[in-house]
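Please find the structures below.
Two complexes are shown next, each including subunit A; its partner changes from subunit B in the first to subunit C in the second.
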Partner chain A sequence: MNLDKAKIEAKKMLSRGEVKYVIGYEIGTYGFRISPSFARTPEEVDKFTLSPLCANNLVTYLKVERSPPLPKGIKPSNLKVALFAKGCDSRAILQLIAEKNLSREDVFIFGVPCTGRIDPKKIEAMFPRVVSKADVVEKDDSYIIMIEGKDHPVPKDKLIFDHCRSCQYPNPLVYDLLLGDEVAAGEDYYDSVVELEKQTLNERWNYWRSHFERCIRCNACRNVCPLCYCDDCILERLKPQWMRRSVNANDNTVYHLTRAYHMAGRCISCGECERVCPMHLPLMKLYKKLEKDVKELFEYTPGLTAEEKPLLTTFKPEDSEEFIK
Partner chain B sequence: MTATEIFTLPKNRMHAFLGALSGYKLYAPVLVEGVLLFDLITDLKKFSCDAALSGNPVKPPKALLFPQTETMFRFNVTRDVDISVGKDNEGERIIFGIHSCDARSFLIFDQVFDRDPSDPYYANRRRKTVIIGIACNIPGANCFCTSVGGGPASKEGLDVLFTDLGDRYVVETVTTRGKVLIKQVRKTNPDLMAECQAVDIQKALELHKSAEEKMPRNIDLDGMPKKLARLSEHQFWSDISSKCIACGICTYLCPTCYCFDIQDEAAPLSANVYKLVGKRVRVWDSCMFPEYTLQASGYNPRPLRIHRIKNRIYHKYKWHPENFKSFACVGCGRCIDFCPVNVDIVEILSKVKAIRD
Partner chain C sequence: MSGIFKGAFEPNIIAFLCNWCSYVGADLAGISRIRYPANVKVVRVMCSGRVNPLFVIYALRHGLDGILIAGCHPGDCHYLQGNYIARRRLVLMRRLIEYVGIDPRRLRVSWVSASEGAKFADLVKEMVDEIKKLGPIEQFHENI
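Let's turn to the complex of A and B:
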C-alpha cells in the first residue's frame, strides 16, 4: 500500500527528529468529512488516511504556519515540514519556490498521483445527513461509497470536482517520495469559460454581480489559497484602507476582482477557493478564465518549474499587447 | 403566557395562508443558486415549501435583524458637520419557516442588544418582527440543539409553531402576538384552518419526540464554564488550532455571533480633502480576523489562531453563560457543516470534557 509506504517514512523522520511535523489527512468527525492532520509524534501518523475524499490543499499550511500557534516561551522550529501533495498541490509548492517564498529544502513532499477528488457539495447532496463516518474507494470509473457497512457504487463523473476533470497535471511535479504509479492527465478543456466568453459584456457583468452579491466576505477563499500569502493584504490594510468593509455587490466585486488580478499567472487551479465557499460562488470559472488568458496571451502556465521566473516579473518585447486598447 | 390555540392547515393551502398575511413583509427560506437563504418573498409562486424546509438556511436569520452592513447615519462635513439619521421605513415583518434553534438565537441577541440601553437598530426590527417557526422533523448531520437547552420543536423565541404531518401542518400559537396573527388570518379566510383534532396533536408530539431522539450529536455541558476557566493555558488549544485557516465562516454563519465593527466610509466632496461626504456603517466582525481586537497602537492581544479559536469557544461556553445564564450557542451545527478544515465545536467540547485536571 502506498499510504503504508508514506507512514513508514513519516514515522522514521519523526522519530529521528528530522521534521517538525507531517501534515496529512485523517478521517473527519462525521460523514464524508476529511480533516487535515498534523502528526508531531510517530504514533500520530497512524491516523493518516488517503482517499478520493482528501481534497484539501495542505500547502496552505506552509503559509498559515509562518505564525504558528506556539505556547509562550517556545521558539519557532527551523526543521522541515513534511506534507502530502497531489499534482495541483505540488504546483503550488513550485510556484512558492519560484516566488522565493519557500525553499525546496524546507519541505519533504509525499507525492500523490491523483485521479481526481470528490466534491463535498456533490456527495452531500447525493447522500444528505450522513452522520456516521463514511469512506470511499475508487474502482475503475466508479466510487464505492461505504456508509454504515453498505456499499453504494456511484459513477465518478457524478461526484468529482469539475476542475479535476480537466486537470493537466495530476502527477506531482516535485516530490521526495512518490506514492503510486503516475496517472493519465484529463482532457484539456474550458467549456464553462468559453460559454461565458460568448456572452455580451453586460451579460457577463450581470452574471458575476449576481454571484458576488451573495458573498459574505468570510475571507475563506483568500485564507485557504496557498498562494495568497501576503503578510499585509491589500484587502485588509487599514492605512490606507483600500477595501471597504461594507458587504454589498459593489464592494464584494472589488474584493473578488482584486484577488483575481493578484492571482493571474499564479493560480494553480487547485479549486480550494470554490470548495470552501459556503455561498457556492463559481470561483473556478473566474480562475479558469485567468488560466486560459495567461496561457493564450503569454504561453505561460504557473507552477511547472521552480526555476522559471513568475510571469508578472518578466517582460518580453514580443509579449502580446492586444489587450491594451 | 397565553393559552395556546391549535389548528391544522392543509399543505396545499400554504400559499393561501402566506397570502393572507397581508400587511407584512414576508421573509422565508428560498433556494438561490443551490444555496438556501432567507429572502424577501415578493412572489409567492417562487416559494416552495419543500425547498424551504429542507434544512437550515446557510446564512443565519440574524442577518434579518442585524444586517451584515447597516448604515447608522450619513454625514456631510463641510464647515459644519451635518448628520442625518435615516428615516425608519421598516414595516411589520414576518420571518416564516425558521427552525427552533434559530428562533432561540434571537433570545441570545436580546440579552445583548435589547437591554438597557438597547440598540435602536436591532430593537426596532425585533419589535416589528413576528416569528413563525417550523418544527424540525429530521435533524441535520451536526445538530445538537438539545445539548444547549433547546429542542427540535422548542417554542422559545417563536410566536407560532408549525409541525409538518405530511399532508397538513399543525399550527400552534405560542404568544399573544401569534394568536392575534392567526386570528386575523382566520377572520379573512374562515375555511383555511380547522380546529386541530386530538389525534393530530398527538402525532405532532410524537414527531417532536422522535426528532429529539434522532439528534445526531449530544454533549453534556454541565460544568463547562468552570472547566474552561481551569484550562485556559492548556497545551490542548495549540493542538486544535493548527488546522484552522482563520476564515470567518464559523462566526459569520453562526446565528448567535454578534460582534461588529464600526467604520466611516467617506469620500472627499471635492479636491478639498476636508470636505467629506459619507456614512457610518456597522458591519459584522469576526474574532477569527487579525483586525479584530487590533489596537490603535498596533498591539494585538490576540495575535494567533490559538487565541482566536479560544475566544470563540470561551465566549460561547464560558463568558456568556457566566453573564447571561445561557450558552451563546443554539446547536444549529452550521460552524461544523461549513468549516473547510473540519474544526468541530462538539469535538472540541468533548475533548475539553475528557481532559483530566
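Let's turn to the complex of A and C:
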C-alpha cells in the first residue's frame, strides 16, 4: 500500500538521522477526528494513517520551524522536515518558496494525490455523536464509513468539502516521493461566488454581516493558515492599531476584510480556515472571490511555481484600468 | 466623523493625493481659482503606491463617505512604478468591498497630472454629486 511505502521511507530517514521529524496524520481521540502527528523516532511512524478524513494542511506546522528564539542551549538544526502534502498543500509550499519564506532543501515531501477530503462538519451532521473511533475507506464514487463494525456507504458528493469539488490541482505539484497514481482534476467553477455576486449590495451586506457578527475572533483562521506567517500580525498590532480588538459586527467585518485582502493572490484555497472555524463562517466564499478576481484580472494563480514573483509585488503596463475614471 | 455636518447631507471625503502630480494638480486648481466643493480633505502622500489598501477599510470603518485616491498617469510616476502597483492593489480592493456590499463608487481612483487642475476640480465635483445621491455610509453605523 502507498502509506506503507511512505512509512518505510520515513523510518529509513529517521533512523539515518536525515530528517528532524516527519509530520503525518494519526487517528484522533474520538469519532471521525484526525490529528496531525509528529514522528521523531522510527517507532512513532507506525501510528501514521492516511484516509479521506485527513484534511489538515500540514504545511502550517512549518511555521514552528521558522520562529526563533530557541530554548537556551539548543542549537538551530539544519536537518530537513518531512511531511505529507496533498495538491493544495504542495501549492502552499510553492507559494512559501516564492515568497522566500522557505527553501526547497528544507523539506522532504511525500506527495499524496488527493481525491477530495471529507468535511468533518458534514460527516458529523450525518452521523452525530459517534464516540468510538470510526474509519473511512474510499471506493469508486462513494465512501464506506465503518462505525463499530457496521458499514455505511455514502456517496462522495455528500461528504466532500465544497472547495475540493472544484479543485484544479489534486496532484502535488512538488514532491520527493509520490504515493499512488495521479488523479484527474475536477471542474473549475465558482458557483457560490457567482450566486452571491448576483444579489444586490444590500443583500450581500446583510449576508456577510449576519455571518461576521457571529465571529468570536479566536484567530483560528489565521493561525491555521499556512501562508499567514508574519511575526508581527496586522490583525493584532497595536502600534499602529489597524482595527479595534473588540468583538462586534463592525470590527469583525474589518478583521475579515483585512485578512481576505491580505490573502489576495496568495490564497491557495486549501479551505483550512473554513474547516477550523468554530462558528462555521463561510470564509471560503470570501477567499474564492479574490481567487476568481485575480484569475480574471491578472491571469494569475498562486502557488504554481516557485519562481514566479508574488502577484502584488509586480505589475504589467496593460493591467485593467476599467475602474479608473 | 459623520456628525460634523448639520442640516443637508454633506459627504465627508478623504483624498490621498500623490506628492508629484495630483497634489500639484490640486494646488493648481487653487491657484487658478477654480471652485470645487470643500467636502474633500486632502492627505498628501509621496506616491499612490504609498496608499495602503487598508486605508480604504479604515476610512469606511470610521464613517467616511468616500475615498479618493489620485496619482500620476501610468508611466509618469516619480518612482517609476508606484502607480502601476497601486492600480493592481486597488482594483482588488474595489472588487472586495463591492462583494461584501459597500457601494464601489465610494472608492474612486483617478490619474491627475500636475497640469490638470481643472480635471481635479471636476473630479471632486462629480464625486461629491455622486456620493450625495448615494447618501451617507450606513454600513458601519450601528454600535460604533
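As a convention for this text, the second predicted complex is superposed on the first by the 313 of 325 C-alpha atoms of A that agree within 3 Å, B and C clash if a C-alpha of one lies under 4 Å from a C-alpha of the other, contacts with A are read in each partner's own complex, and residues count from 1 in each chain.
Assume contacts are C-beta pairs under 8 Å (C-beta built on N, C-alpha and C of every residue); 3 or more make two chains touch, one makes a residue touch a chain.
A quick note: this is a predicted structure, and the numbers were derived from the prediction, not measured.
Undergrad: Answer with clash or fit: subunit B and subunit C placed together on subunit A by superposition.
TA: fit
Undergrad: Between the C-alpha centres of subunit B and subunit C, what angle is opened at the C-alpha centre of subunit A, expressed to the nearest 10°?
TA: 90
Undergrad: Tell me which partner A:230 touches in the superposition: subunit B (first), subunit C (second), both or neither.
TA: After superposing on A, A:230 lies clear of both subunit B and subunit C.
Undergrad: Return first, second, both or neither, reflecting whether A:137 touches subunit B, subunit C, both chains, or no partner chain.
TA: neither
Undergrad: Regarding the shared-chain residue A:201, is it in contact with subunit B (first), subunit C (second), both, or neither?
TA: Only subunit C; A:201 stays clear of subunit B.
Undergrad: Regarding the shared-chain residue A:320, is it in contact with subunit B (first), subunit C (second), both, or neither?
TA: It touches subunit C, and subunit B stays clear.
Undergrad: Contacts for A:185 in the overlay, against subunit B (first) and subunit C (second): which applies, first, second, both or neither?
TA: It touches nothing on subunit B or subunit C.
Undergrad: Examine A:248 and indicate which partner it touches, taking first as subunit B and second as subunit C; both and neither are also allowed.
TA: both
Undergrad: Where does A:214 make contact in the superposed view: on subunit B (first), on subunit C (second), on both, or on neither?
TA: Touch status of A:214: first partner only.
Undergrad: After the superposition on A, what does A:8 contact: first (subunit B), second (subunit C), both or neither?
TA: neither
Undergrad: For A:129 in the superposed arrangement: first (subunit B), second (subunit C), both or neither?
TA: After superposing on A, A:129 lies in contact with subunit B but is clear of subunit C.
Undergrad: On the overlay, how many Å separate the closest CA atoms of subunit B and subunit C?
TA: Checking C-alpha atoms only, subunit B sits 9 Å from subunit C at its nearest point.
Undergrad: State which residues of subunit A lie in both footprints, the one left by subunit B and the one left by subunit C.
TA: 248
Undergrad: Per the contact definition, I'd like the list of subunit C residues that touch subunit A in the complex.
TA: Per the touch definition, subunit C meets subunit A at residues 53-54, 57-58, 61, 74-75, 81, 84-85, 87-104, 108-111, 123, 139-140, 142-144.
Undergrad: What part of subunit A is in contact with subunit C in the complex they form?
TA: 196-197, 201-209, 234, 242-243, 248-251, 253-254, 257-258, 260-261, 264-265, 286, 289-290, 293-294, 297-298, 311-317, 319-325
Undergrad: Of all residues in subunit B, which touch subunit A in the complex?
TA: Contact set of subunit B toward subunit A: 32-35, 37, 58-59, 68-69, 138-142, 216-217, 233, 235, 237-239, 241-243, 245-249, 252-253, 261, 263, 265, 281, 283-284, 286, 289-291, 294, 303-307, 336, 338, 340-342, 344, 346-347.
Undergrad: Can you list the residues on subunit A that touch subunit B in the complex?
TA: On the subunit A side, the touching residues are 28-31, 33-38, 56, 60-61, 64-65, 67-71, 121, 128-131, 211, 214, 216-220, 222-224, 236, 238, 244-248, 272, 275-276, 278-280.
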